[in-house]
């Protein structure tokens, strides 16, 4: 794991405040566990009303938490005037999203002035055992002076 | 657009029944608009409780409906004993997910015995105007005799 | 297909001159067939020395021509001072790359000031019949004043 | 890194023999450095005839070596009767492919009966310094009894 120096010393409070404005997180019951420079962790307890037809969490729900984790991992390294947008992501699903809860990790692989590349993992946790559910590779964009804020 | 011959004449009722078991669809308010061989359309009215920090629908929500549209487009061409799983997807986000409602189209590009490749589009609709929001390219897998059913 | 207005009236000669500087194209024998605003076509005759272990063209060779097609499709819509870089791509392979020659099409789906999203297709042509081989979804970046030129 | 037990004790000779049949590898000058269970390393010295218009190695060339590395990483864990095909890949390019040589690593993240998910990295090496150039996330498929062999 590379180590990163944040450009904004208030990165954690900025990320936490932005996370609090993501209404979807409250709707699905996701919590921001930790924010460090270039890495964010989010948890989501399993809920029956978020499932697909086989009673696993929907791939889109798994994606929602790991996209947010990656986006804020990217934002944590950006200057204070920045907002972050998801350009694109790719996700592979390797095990069913079943378990007591999901834990998503987003990590910066390569920070950039405009584009930051992040990788993410989602694990299903049951009885203290972790199992890999999904892997994300994503491009996040820094935007400034566009009228949107983080 | 290629034309496909469904292997199961009851493909539409099978897809509709499976969609009805995706509890997440009711949770977010998504509706199955149409099912034809190799193509599925889903609608989602905008809701404030599904947004990210800039008050757009979260990328994961947009992904949720287009993943379901692509998965059922794939399933519509599979034999009756099949279940469908998302192997992976890639999504590009090209405009903010803002508008009265989102319309997601999933289409089979190349059906296969095991892997079916689909493409999806999501449009934001406001005052009758459509604007492209997201593009998906995805691999869906047919599974049989695994204990999961569609 | 959307229609695009090029920002640089000399887009075609600019693309053709840049293509001529891609030494890899001569090495593998690829030809630039056509350049129109937001769309580029490239051809590659089959060659045994470009194959993988099953005697199909290597996926990376197929990717090489469709990446170039998409990159120049994006460049064709950019201002004259721009250079184009591939941020990322995703490619699905749907049939073996076998046949007399490959034809790659790159098309702009959504032009942007910084990021342009393109889609690409590669077809194998044998005896006048086309068969879809690969599909690309990619993000191209416009760069200016970085010391690299197109 | 997970540790994997190969199903075929002759995995290394099988991978090396298949690599030797990839004529493209000789054409571009790529070498198979090492094969271990679930991990393969390939090297490519820089060559001017493999470059794009800015005199970097073409993205497709970088992709060629890391696709082969990931494919053989997957094959190394498959039973002896298997052949491997690339279903799809996604690659992010994070630095220009410039340097004395490229080193590509392919690693299995999740082996599967049909689909194996791999990640790959490509580093540019100059004067003993490594710099990350590209990241791959890919789905490889095991096929048997299809007439193609590895």
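Just so it is clear, A, B, C and D label the chains in written order, and each chain counts residues from 1 on its own.
Here is the rule we use: a residue touches a chain if its C-beta (ideal position, glycine included) is under 8 Å from a C-beta of that chain, and two chains touch if they have at least 3 such contacts.
This is a predicted model, so every value here is computed, not measured.
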item: More contacts between chains, B-D or A-B; value: A-B
item: Centroid comparison with subunit B (C-alpha atoms), farthest chain; value: D
item: Approximate Å spacing (C-alpha centroids) for the pair subunit A, subunit D; value: 28
item: CA centroid of subunit B to CA centroid of subunit D, Å; value: 32
item: Geometric centre distance via CA averages, subunit B-subunit A, whole Å; value: 22
item: Multi-chain contact residues (two or more partners), subunit A; value: 87-88, 90, 92, 117, 139
item: Residues of subunit A touching subunit C in the complex; value: 87-88, 90, 114-115, 117, 139, 141
item: Subunit B - residues contacting subunit A, complex; value: 18-19, 21-24, 26-27, 48-54, 58-61, 63-65, 67-68, 83, 85-93, 148-150
item: In the complex with subunit B, residue positions of subunit C that touch it; value: 90, 92, 94-95, 109-110, 112, 117, 119, 132, 135, 137, 139
